[in-house]
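Letters A, B and C mark the chains as written, and numbering starts fresh at 1 in each.
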Amino acid sequence: MTTTNGNGQSGPKLTLWEKLYFPEILRGMSITIRAFFRPKFTRQYPEERWVPPPVFRGRPVLVMEDETHVERCVACGLCARVCPSLAIEVQAAETELDKERYPERFEINMLRCIFCGFCEEVCPEEAIIMSKDFEITFTDPRDTIFGKDKLLIPASQLRDRLEFLKEYR
Amino acid sequence: MPKVTIVDDPANGEGKSVEVENGTTVIRAAAQAGVEVPHFCWHPGLSVAGNCRMCLVEIEKMPKLAIACATQVSDGMVVHVNSPKAVEARKAVLEFILINHPLDCPICDEAGECNLQDYTYSHGPGHSAFEEAKNKKPKRVPLGPNVVYDAERCILCSRCIRFMDEIAKEPTLTFVERGDRVFIDTFPGKGLTNPYSMNVIDLCPVGALTNREYRFKARVWETSSTEGICTGCARGCDINIWVRNNEILRLTPRHNPEVNYYWICDEGRLNSFRHVNSKERLNSPMIRKDGVLQEVGWDEALAHAADALKPFAKDEVAVLGSAYSSVEDNYVLQKFARQVLGTANIDFLRHETEGNQDGFLIRADKTPNAYGAREAGVVSTKGVDANRIFDLISSGKIKALYVMDDDVVTTKEREELLAKLDVLIVNHWVRTRTTELADVVFPSATFAEKFGTYVNFLGRVQLSRPAVSTQEQERVPGRFNMSRLDKFGSPFDKWNKGPRRNVRSSWEIVSAIGSLLGGKMRYQSAQKVFDEVAQSIPSFKGLSYARIGDRGALLKKSKEEALVR
Amino acid sequence: MIAIEALIKIVILVLVVLGIVAYLVLLERKVSAYMQDRIGPNRVGPKGLFQPFADILKLVLKEMIVPEKANKFIHALAPVISITVAIGALAVIPFGNYIVVGGQKISLMIANVNVGVLYILAMSSLGVYGITLSGWASNNKYSLLGGLRSSAQMISYELSLGLSLIGVFMINGTLQLDKITMAQSGGLWNIVYQPLGFLVFVTAAFAETNRLPFDLPEAEPELVGGYHTEYSGMRWGLFFLSEYTNMIVSSAVMVSLYFGGWSLPFVNYAHMAPNLAALIQVLTFFVKLGILIFIFMWVRWTLPRFRYDQLMNVGWKIMLPLAILNVLGTGAVLLAIK
């Protein structure tokens, strides 16, 4: 229900009670004062830490097998292809292992990553998955490109997410 | 001539009628009508095998579906390419081919340019009735020095076998085993060592045959291709230059029935772009100061070169053009020699390797543009050829030499010879023994970094486009294959824009020196140079970049002796 | 002697007020946080109580950037005008009745001017100079627009502000704040007699102090920072201080005129020791002041900003007629009672 008010702009039609203004101000103030006395839920972050549930999408990492210390990644480049923000670069190379290829270089530009999880979804090997790590800060733009040294995480540390993916994907 | 009706869309029963030669196959007639019939084993450059059954079409008055590649047309034939029966049959064929084809597209190099992948998306059933384990076959088999074979991916279309039999004329490959165990191997004691062997990689409709060097280097969608000309020999094969991150990764042949058909030799494919990516590339003009070459800015080096050439009389200067450079470069150089320096001492070096020639593509002349250099005027009208120039240097009559895009110092004597010169100015793309002797060195753009035309040994002018960006010249990604990074990337993508070299086209360098010496030679682009070439040189009359097009254009008056060479 | 006494009172007052202002900033942040289901600053000191020191330290240490094309002198002068005028207005506020030091009665106000309220109105009108000049001297369109808005707004609401008070003067028959307080201490507070006048005064006071919903001179979405866009460091801090001081002045005037000042109903100070009485009086005054300031903040974090034309409409078409009506009504009633 809109109409034109005196200033030529459309807006809801007000009743006389509302037009008196002061009662409405008091109504608004009663809302804020109620909020004032409501209990607060703020978490004192650095002291009180939060462990995200498996559904949480933290920074993407590469899964490394525990026994062999070899990454699962076969450097197919689908994650780089699907990445909407062009954050991923993969350079493949040949390996003697059965998987034939491995990522010689795997880089994620964490300034660009938007944590959408498409890379995880598209990965045919469950090799790139979203971790629980959300504490990502930099003091130098050169540090923002994560190479294999920062991306490779042993599978045992990622069990929650891997099980979550098995169940829901 | 028989008249055939090709019906593409079953909803539109009218179809399109085409008149074709007697004996034409249905697949070619369909192509003539602008309809593509899906196919694996058939290739326009090879004989018909008819073993993949992918090209099944419904032909009226025929009891069964027929394969379009092996069925000859007859008058009044009506072909239904996409009738329900044909579509159903193709689904079945694809399901059949995929029984044992691994679904490893993510790690397959062919993905993105794979016929099987494309057809499975466009014509496939989307599921398979076969749940059994796929069979195991040899993987990573080196068939030759440059080709690796994956038998599991092979769909046994026999294109590679037919290529070796019919085109390379060196039967090397064959099927071995029977049934679902069949795969391709070389004959005992033979390897895939033919100089044209790598064409089987392009021919392979799936990722079974891979390029050992390019293997796993890049995904197809990461690379952009640019239409270029192979500069490996005087054939001037048409190629696509595949570039990622401003670096050439591979060359593939581009179809041109007038030059190279569908093929290219391994030498050209592997080695004709080596110097573009070379670590020895010059990246700045250099001037010899205190006996050492030191990097300086362009303006300083150009002025230095102009000053160095000024004191000499007409007969004391000589210029050497290059059969490696484009027509534009050579034209500007001869104009510089004749109008600015006023010298008749002009020629270019020949690079012919006797015996290294075959009846197919490879030519003895290992330069792409000897014909063009001659036509552009880089030959002396007074008979002062390259050997004479060297003699005159030796006798001290010639004191200054300009060398464009060529390495003069091939022997110890030449080195001593060039040391006698007062002034040696060189432009080249890499560090050579000639540049080491020079007083002024300019880094020049390679064929892959500039617009330029090349005239092959038959007198066909072809245009090559820049595939790699330099600081001066933005590259021109191909019209059909643009990588995702080129489409959507930004200058801030670390991996999108590789380093640009500080190089200039030779015509730019020479015309800049010429202008400093008072010559009227300022050009905005290579195209403008070529327009002047087309005006001033009779054999180029009427030509332009637009007229040259994709297939090139023959020069007006082909010189008899040029053909003989 | 009187001069020394006044000087001591001035020093104490200024220090106390500035201290209060510093903590008002913390209070405002806490109030806003609680109204938005947050906790607010709690890092510096216990429960965040030392936050004001951190804030002030930051302001003092921060560079004071002066735009190249600004009028340097006026740019520097404007915040000084603002803070001076704001603190100056406090001179006539009676915080209590009197204390006895060495047998001498010392009044708990700095200057007992017999036109006290007019003095406050005059001072608060001067405050517009600080803002307008800062807007002009910054050589920035946003600052200039902020300054212009401020002057238009202050002139518009000055009228209603003054007129709304006339009712109080008519009832109490004086312009001296201590006398008005005295007059209320025996009977009912003026708010009972002057509800309409109070409403108009409160509204106008919000406009005069440039606080939401009338903070158009510094409307962030449209004017960046308004008149103080080009200010940083302690110069900006002075504007900030003066805004909060203005809030204290407005609240103090309201307490004195409408809520009985330092007096409490049904409490007779005559039987008490004078200094104890003074202590209770001062505490009473500051509690009342605190409640009003909380209402200031409460309103700020409840109401959105007015549009400029709405502001002018309310000022001229509603506030002014209401104020005049209040004067006429009060006069009629007073006449009838006589």
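Operating definition for what follows: a residue touches a chain if its C-beta (ideal position, glycine included) is under 8 Å from a C-beta of that chain, and two chains touch if they have at least 3 such contacts.
Just so you know, these numbers come straight off a predicted model, no measurement behind them.
Colleague: Using C-alpha centroids, which chain lies at the maximum separation from chain B?
Modeller: C
Colleague: For this structure, I'd like the pair of chains sharing the most C-beta contacts.
Modeller: Looking at every pair of chains, the most contacts join A-B.
Colleague: So which chain ends up closest to the centre of the protein, judged by Cα positions averaged per chain?
Modeller: Chain closest to the assembly's C-alpha mean: A.
Colleague: What is the distance in Å between the mean C-alpha positions of chain A and chain B?
Modeller: 45
Colleague: For chain A versus chain C, what separation do you get between their C-alpha means, in angstrom?
Modeller: 47
Colleague: Could you put a whole-Å number on the gap between the CA centroids of chain B and chain C?
Modeller: Those two chain centres are 82 Å apart.
Colleague: Can you list every residue of chain A that touches 2 or more other chains, as numbers and ranges?
Modeller: none
Colleague: Considering the complex alone, what residue numbers of chain A touch chain B?
Modeller: 74-78, 80-81, 86, 89, 92-94, 99-101, 107, 109, 124, 145
Colleague: Along chain B, where are the residues that touch chain A in the complex?
Modeller: Chain B residues touching chain A: 106-107, 139-140, 215-219, 221-222, 484-485, 488-490, 493-496.
Colleague: Flag every residue of chain A that touches chain C in the complex, lowest number first.
Modeller: Against chain C, chain A makes touches at 7, 22, 25, 28-29, 31-33, 35-38, 40-42.
Colleague: Help me check something: in the complex, which residues belonging to chain C touch chain A?
Modeller: These residues of chain C touch chain A: 31, 34-39, 199, 298-299, 301-303, 309.
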